[in-house]
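Two complexes follow with chain A in common, the first pairing it with chain B and the second with chain C.
Up next, the complex of A and B:
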């Protein structure tokens, strides 16, 4: 199985498991695509988490404010109707669990990876950019008439490339 | 005491702990290992549920600090984390963690893990 398919399968499995276990929600079939270039402007909530090791990258979860409030309501068993600290925290933890479990799956193929603390952004008409990243694996989950999007980009780190040379090995390069 | 940088997880774990039937006088919260150590100095704490990935001091460092301190080394520490790598689990077990639960978790998984650690209150 290539890395792309592995990432899609892992994101699907992880998101389905986290939603089922923590929110009591069974997610339905998802659409997966690869997106290149600078993403469109965002409205709503985007939560990022970094991955680092022999491979580096970023995972993200994005959704509308209404879905974010729904996540919080189900996770904390409260009635969340406005974007407050609880809602941002719930989305951050959702991201931590979804991408954290994807990381655990990918470590089998890619070696040990570290996970950063999540960062959540809420706003309108904002753009995001991860340095050096051009290709994202994107999985869209329809839920309650809206869409929750999980994205992941990963590439070999420069460090692993230089380590390769330090150990006297020959590196394959793309030209 | 529940130790996690996520307030959401701290709330969920508080709720689960109160459902276990254990004799609980109070539940303290800490957002990282350093805060947890400060609370341990001043509060009578009998059980610690801790995340691993946290700012300032992570859960593995907290566990190591507790096990290296005679007045805290007997307190059971349960790791509750997304970290599923064999190396993290082995390290936690080697340092003396009483249990390891992976996120996402169900309330039943937490209760089951704690059942063997603390005695429930007999019903009257």
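Up next, the complex of A and C:
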């Protein structure tokens, strides 16, 4: 199986499992696409978690504030209606679990990968850009009339290293 | 030297070196503090890069859009005045270099650490929260009448793993 298909399958399986076991939610069929790595305009909640090893990359989960509150309500069995710290933590936890499982799947093919901790961003009309990203593998899950998006970009360390030469100078660090 | 002091010294040295060699700028004396990991309110440009190994964490660089454009102008020897893709890439590159050097310093004490790729966020009035962060080591560099902030949080993998139990359930992934 090529890496692209492996990523899509793994994201689908991981998100479906995490939603089922952690939130008691059965996600329905998802749509998968490949998108370019130009700056994204965002509205709502977006998380990022880093992958590092022979391959490096970024995993991301994004949704509306309403869906983020719903995730938190189901996870903590409370009634979250405002974007407070608990909601940001719940989205971080969801990201950790979904991308963590994908990492485990990918390691079979790509070798050991380290997983960093997620950062969650919440706001209106903000831009995000992940370095070294030529394309994202994007899977969209319809849920409660909205969409939850799980994305992953991954490239060999060497390739990302070439980004260090954007100024025609050699980069002082090793990636 | 304790880890806290090592992080502060390394951030100072790394940022000073990167600014000097890459941008031709001599940074003046900086102020270092420890801040709690509650959600941060942000305005402007913030980058995040993940560290993963026996210790996991997040490095971050933040500044105003004006300073981000200044970094880009010096790096690419152009005149950047708007927050375009080049400016986001320049901040990503700056983050990569500063935190990459810090990573190299910390590895002497903490063992091998993987470095992911940076994600840069730009907007007005957005919140960010990094999971597993009880405290940030924060170094503020005055530059051109403004402040450029470099932050780092780091904790043993085991500790971050305990965050996976926020719902009293065992986490399916290994960190």
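Rule of thumb we're sticking to: the second predicted complex is superposed on the first by the 155 of 175 C-alpha atoms of A that agree within 3 Å, B and C clash if a C-alpha of one lies under 4 Å from a C-alpha of the other, contacts with A are read in each partner's own complex, and residues count from 1 in each chain.
Criterion: a contact is a pair of C-beta atoms (placed from the backbone, for glycine too) under 8 Å apart; a residue touches a chain by one contact, two chains touch by 3 or more.
All figures in this text were calculated on a predicted structure; none of them were measured in a lab.
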Quiz prompt | chain A residues touched by each partner, larger count belonging to chain B or chain C | solution = C
Quiz item: Which partner does A:121 contact after superposing on A: first (chain B), second (chain C), both, neither?
Solution: second
Practice problem: Would you check which partner chain A:85 touches, where first means chain B only, second means chain C only, and both and neither mean what they say? | Solution: both
Practice problem: For A:147, decide between first (touching chain B), second (touching chain C), both and neither. | Solution: neither
Exercise. Please work out whether A:72 is in contact with chain B alone, chain C alone, both, or neither, and reply first, second, both or neither.
Key: first
Practice problem: Quick one: classify A:56 as touching chain B (first), chain C (second), both or neither. | Solution: second
Exercise. Once the structures are superposed on A, label A:16 by its partner contacts, choosing first (chain B), second (chain C), both or neither.
Key: neither
Practice problem: Answer with first, second, both or neither: which of chain B and chain C does A:97 touch in the superposed model? | Solution: both
Exercise. Based on the superposed arrangement, let me know which partner A:64 touches: chain B (first), chain C (second), both, or neither?
Key: neither
Quiz prompt | Partner chain in contact with A:107 - chain B first, chain C second, else both or neither | solution = first
Quiz prompt | Common interface positions of chain A, toward chain B and toward chain C | solution = 17-18, 21-22, 75-76, 85, 89, 92-93, 96-97, 100-101, 103-104, 115, 117
Quiz item: Which chain C residues qualify as touching chain A in the complex?
Solution: 17-18, 21-22, 38-39, 48-53, 56-58, 75-76, 83, 85, 88-89, 92-93, 96-97, 100-101, 103-104, 113-133, 160, 163-164, 166-167, 169, 171-175
Exercise. Under the touch definition given earlier, write down the residues of chain B that touch chain A in their complex.
Key: 5-9, 11-12, 15, 53-55, 82-85, 87, 103-106
Quiz prompt | Contact footprint of chain B on chain A as seen in their complex | solution = 17-18, 21-22, 72, 75-77, 85-86, 89-90, 92-93, 96-97, 100-101, 103-104, 107, 112, 115, 117
